[in-house]
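What follows is a pair of complexes built around chain A, which joins chain B in one and chain C in the other.
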Partner chain A sequence: SLSREDFQRIPELAINPLGDRIINAFFPEGEDQVNFRGFMRTLAHFRPIEDNEKSKDQNGPEPLNSRSNKLHFAFRLYDLDKDDKISRDELLQVLRMMVGVNISDEQLGSIADRTIQEADQDGDSAISFAEFVKVLEKVDVEQKMSIRFLH
Partner chain B sequence: WLAGVLGFIVLPSALGISLGISEAYMWVLVKTLEWATIRLQKGVKKPQPQMPQTPTANGIIERDETPMEKEIARLHRADFEFSHIFYFCRKGFEAIVEDEVTQRFSSEELLSWNLLTRTNVNFHYISLRLTVVWVIGVIVRYCFLLPLRFTLAAIGITSMIVGTTVVGQLPNGSVKNYLSEVVHLTCSRILVRALSGTIHYHNKENRPQKGGICVANHTSPIDAIILTNDGCYAMVGQVHGGLMGVIQRATVKACPHVWFERSEIKDRHLVTKRLREHVADKSKLPILIFPEGTCINNTSVMMFKKGSFEIGGTIYPVAIKYDPQFGDAFWNSSKYNIVSYLLRIMTSWAIVCNVWYLPPMVRKEDEDAVQFANRVRSAIARQGGLTELPWDGGLKRAKVKDTFKEEQQKNYSKMLVRNGSIG
Partner chain C sequence: KEEDNGSQQNRASRRKSYQRKNRDGKKAREEGSQKKDRGKTAHTKDQKESENKEKKTTKRGKEGENKQKKDRKNSSSSASSNSSDEESLSEEELAMLKEQVEQKKKLISTMRNKPWRMVKKLSVLREAQDFVEKFEGALGKGKGKKLYAYKMMMAKKWVKFKRDFENFKTQCIPWEMKIKEVESHFGSSVASYFIFLRWMYGVNLVLFGLIFGLVIIPEVLMGMPYGSMPRKTVPRAEQATAMDFSVLWDFEGYIKYSALFYGYYNNQRTIGWLKYRLPMAYFMVGISVFGYSLMVVIRSMARNANESTADGDDDNFIFSWKMFTSWDYLIGNPETADNKFASITTSFKESIVDEQESNKDENIHLRRFLRVLANVLIICCLCGSGYLIYFVVKRSQTFSKMQNVGWYERNEVEIVMSLLGMFCPPLFETIAALENYHPRIGLKWQLGRIFALFLGNLYTFLLALMDDVNEKLAEEDVVKNITHWTLLGHHNLSAGNDSTVTPPPLDPADVPRGPCWETTVGIEFVRLTVSDILVTYITILVGDFVRACFVRFVNYCWCWDLEAGFPSYAEFDISGNVLGLIFNQGMIWMGSFYAPGLVGINVLRLLTSMYFQCWAVMSSNVPHERVFKASKSNNFYMGLLLLILFLSLLPVAYTIMSLPPSFDCGPFSGKKRMYDVIQETIELDFPLFVAKIFSYVANPGLIIPAILLMVLAIYYLNAVSEAYQRANAELKKKMQLQREEEKNKRNNKASTNPMLQDLEDLLTPSTKTESIPKQAEDKKIESPNGTSPVRKPGRGEFLDGSPAASGRGAAFTPPRQVFVTQPRTLDVRAPYPGQPRPWGHPLGPVPGRGRGQPCY
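So, the complex of A and B:
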């Protein structure tokens, strides 16, 4: 099984500003090891959506790589405390990860405020999953969150 | 038995001529391997895909190389959006699935099997004939080739130690240098035969001259033997324990090699000092350096440490490329120690490699050491057909510096500030 250090040894992942959040996504709550199954489950979110699969299994559970589940995965990257809402603080923390020390607190704060304001529909100053989905409805999630294997 | 060995192998190598036995052996080997590959392909019923265009194809996943700017700024609005995270997320996952760096620290995967169990990770039973050939191969390798090579290696190493110690007793002078060269060359040749090495040297006119610095890409300790087979060098390297240490201590008496501790800061200054002295003295043998600092698996050339390029003087680049079909020369020092590594080498089919001597390079007026190092590195990579990576070979053991992450963060911030309406 893998630990967090094993992931950290990949240089291209270690220099990714969101590297720690991505690594965190592999580990279930409170655990420090992930086995192969867990690893594959997380990786499965990035399988490309194939057309012939869409009509196949309407009654079964939704596959991990559906558009909705991909969006949910991205949502969880923002939602640090896993309460199904992205609060202003959480957004600020993630933004801070992405920009490092190059933008001041006030500027970052106003970016966060504006983003929440535009997406927030029920006025609770936090983004729920439904609001998140609405904001991204025009984005080609499938193309951006998929990894294709060459044969 | 011993007489035969002496007659057929040691003597010709001392004199530097070849008997053609190894060429015949190679030919048989190549034919056998081709036959084995065809059997394998027939055995697998479904149609084989076309061989990829180049052996160093793009890897196992499709990569989208659009830079951060294009991808993020392409979105509807130019300031921060939730979707920006997708870029980093995907890059992260691509790195997890297949990254450019960690794969260089383990042996290259072969496209077709070469009848060594160690290179075939998914061994299926294909056909009786193939298994029989494989068993014959094992017998040939372990019962015939291994003792032969072992004897040769023993002869080579002992004569190297004895020879250099004897020569080392002589007072310094041209006689000593000449004898030391003879001893080194002969022992190198014996050792190369001990590995069943077939080396093709190209562009011998560019061979390193006295007073210069020779740099090459590093795949294994064998690199040194391969190069000294064709010329004499003063070697620079890390002190090892055990058998290597004995060899190092013996050879340094005859010829001014420089052996140092990797972690000793004091020694690093000593090395730089020695390099400068060496370059200044035109009568000294060329120094052999591997600027990557560690063994890489021969598919790419990693960052060159700039130390050797700051000295000045003429740099003679050399590109070494092993043919992986006959034996994997890469030493994964975190996985195997030197003895088991040598054992693996001696039970492979052969070591086949190409050595290209590149024209000498000198640092230009407006170049700093790092740019010069990169220029030399590109030349070596291009000649050897290897890819170039800007990563440090030290990443094999150490963590990556935070400065790279900070650079990414800076780039992203620049975009936000430039495009968006801040404040």
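So, the complex of A and C:
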């Protein structure tokens, strides 16, 4: 089984500002080790989407690599307290990780406010999952959040 | 590409995996039977191929054997049906086959996206590639089959070659990493300067190639060597000092009499065994330098104009996208990660500036008044400086006639010019603070004004030069006489009594020389360029680097904070550098006719400048306070460049057309005008009728209508392009308004409608289901665009229509209820109060039934 240190040895994850959160996403609640099954389950989110599977089973549970589940995975990276909302503070944390100290705090605050203003539709000053989906509606999530292998 | 890779690179592995193919035996057998069913005639070559492959895989176990048996059966069956089927290749079969080939091709190209197992993917891929390769050739008919297969193969190879070539070309672009680094730390506006510099370097390289290859090399290789003629030798009087560094630095001495300058070239009509017509080449190269530059500048402008119309249309979620999607997860290199951080920061700053600018709404009248005031002030400054320059030049002309002039009087013009150049730009900047433009627009205004200032600079320089030239022309007549009589005298002396003995030729160094004004002009330009280079480099070194060192190291023992206070670190001066580059290029264009070596000097200068400035920017500059995104098109710089190109064409054209060339130096010596060389070439080298044609074409009666026609064409094309632009703007506006309407609908929904609030309260209070009814309503509202308001699409349609697919798996009963009651809410959703209503709201029929809602 893998531990967090093993993940941190991957350079792309180490220099990623959200690297720690991504690593956390692999580990189930409170545990420090992930076995192969868990690893596979998380990576299954990045499987490419096939078009003809849509018509197959609408009655069963949705496959892990559907657009909605991919977005949910991304959403969980930002929503730390797991209340299904991205609040202003969570956005500020992310911003601080992305730009560091090069932009003043008030400007960061206004960026966060502006982001919420753009995305928020029900007026609760936080971004819910549905609003998040709406924001990324024009982004080609199926393409970008898929790992495509051939050789 | 993948099928190409497959067919060309993977033959070996394909043979190896023949065995693995059989694991999905069903599919292979199906295909085999399909092949049989269609009764396709396998290409004879293909048959042999497959037989060869079979032979090679004989060693691979039983499964392989089975496959081989099948294949042999196939091939034999197809061989038997070969003859009979060749004629019966009907149209439908052909079409079906074509469709299947297309399907297979599509499968190959989307293979990566399929969520299958690796084994399955590989086997299906190999199969599909085999199929395509086998049957694509068979699509041609009869004898044309082989040719068709050949054509397809060549087409594939060509596509691959083109792609590889594109990759190679992209790799060859120099300095890409450097510029990316600068861009991520300083923003796109600073990087645009470096991109412009790189482009200039390319243009100069081409010009240098032209001049060097067609003018300098032939003269050096095939012309007379140094010292053989008067024009190529240092005169006796100067020979003592000709090698001194100070003389060489002034471009006199040996350098003056080298291939770098106009005076070196011989006026022999043809040189060498190739009969290379050097004077003609010199003239044509001079013209083509301008022609090429013009073409390149205009083509670049046209290309930029194209790109700028394809605008990004999604500016709805700018900040959200920047926040959620800006990191590139494929970066693994720490340095690249640093660059990415910096560029994310810069992009946020740029968006902030853009936002601030678009949110500014002040008193329009005050702003207009301030702008007019600023422009008036600046025009006064420009006029004042123009008059000052004129006055000073006049004075210097009177000074030059006086006898004892002090140092100040001699250099007054240069001093005044430098002072103006140093103090006016910051003055313009402070006045421009009144105008309060977006930084991008402010930069353009600043550039334009400094440009106007420097035009005065140019004017004085050219005036001085023209005076010099006229002087030399007057001197020339005198020298011509002297030379003539000297030569005559020398002949008489050396001939002595015996007139049959050929006189020893006078040493070329002793022949009295004419002033050769062209070389003088060339020397002036070269001197100017070199001093410009030096001044630029020293300014950067002192103004940026030494200043940065000072601020960094002396800060420890200084009273106030140097970094935040007075000197602080320098910001990269975009406008100054761009203008410097443009004016420098103007000088090059003007001087290259008289000093062919000038372009080479410029190429060296641009090359070193790139490295030097990149280093200086990264080490001693800080990003601007307000980082702004450069305009998408570089057309402003190109426009200035075009202007300078025309301005520099004029003096050269004037001198070519109206001044007589020197009598003893240069490729046109001895002619009345420089362009006589063309006439001479036409008369002597071309057959007779060409001369006649040219004389007809040169008739004004023909030229004037041609010009008129071109003017009309320009007018027409201009009108057409304006119409297109207008249509474009209209469409963009429409899209924008539509989006805003959607947004406003969504935003105002919750607050304006009490009936709707009640309805929503009736529903389950979870956020998920609340959002779905809203989107359901949206769907309903948007659909009756002319159709009846009461519409009951099926459940599936509703699901597909809703933008959020989040409710897919969730229990879904509430929407049903909402659904049934939806139509009612339509009545209630009459025009919202306070909502601006652009043309024809889709709820046209409804307002009549509004319940107490004001109708607009």
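FYI, the second predicted complex is superposed on the first by the 150 of 151 C-alpha atoms of A that agree within 3 Å, B and C clash if a C-alpha of one lies under 4 Å from a C-alpha of the other, contacts with A are read in each partner's own complex, and residues count from 1 in each chain.
FYI, contacts are C-beta pairs under 8 Å (C-beta built on N, C-alpha and C of every residue); 3 or more make two chains touch, one makes a residue touch a chain.
Because the structure is a prediction, the values reported are computed rather than measured.
When the two structures are aligned on the shared chain, A:Lys134 is found in touch with chain C, with no touch to chain B.
Residue contacts after overlaying the shared chain place A:Phe27 against neither chain B nor chain C.
In the superposed pair of complexes, A:Ile15 makes contact with chain B and with chain C alike.
By the touch criterion defined above, A:Leu43 lies against chain B but remains apart from chain C after alignment on the C-alpha atoms of chain A.
Shared-chain residue A:Thr115: touches chain B and chain C both.
After overlaying the two complexes on the shared chain, residue contacts for A:Leu95 are found with chain B and with chain C alike. Shared-chain residue A:Gly123: touches chain C; no touch with chain B. Contacts of A:Asn65 after superposition on the shared chain: chain C is touched, whereas chain B is not. Across the superposed pair, chain B and chain C both touch chain A at residues 11-12, 15-18, 74, 78, 94-95, 98-100, 102-103, 107, 110-111, 114-115, 119, 135-136, 138-139, 146, 148-150. Contacts from chain A toward chain C in the complex involve residues 11-12, 15-18, 47-50, 53, 58, 61-62, 65-68, 74, 78, 84, 91, 94-95, 98-100, 102-103, 107, 110-111, 114-115, 118-119, 121-123, 128-131, 133-139, 146, 148-150. Only residues 49, 57-62, 75-76, 79-97, 99-102, 391, 395, 399-400, 404-410, 412-414, 416-417, 420, 422-423 of chain B touch chain A when the two sit together in their complex.
Taken together, the chain C residues at the contact with chain A in this complex read 2, 111-115, 118, 121, 125, 314, 316-321, 323-327, 329-334, 337, 341-342, 344-345, 348-349, 352, 355, 746-747, 750, 767-768, 770-771, 774, 803-806, 808-809. Note for the complex: chain A touches chain B at residues 7-19, 22, 43, 46, 74, 77-78, 94-95, 98-103, 106-107, 110-111, 114-115, 119, 127, 132, 135-136, 138-139, 141, 144-151.
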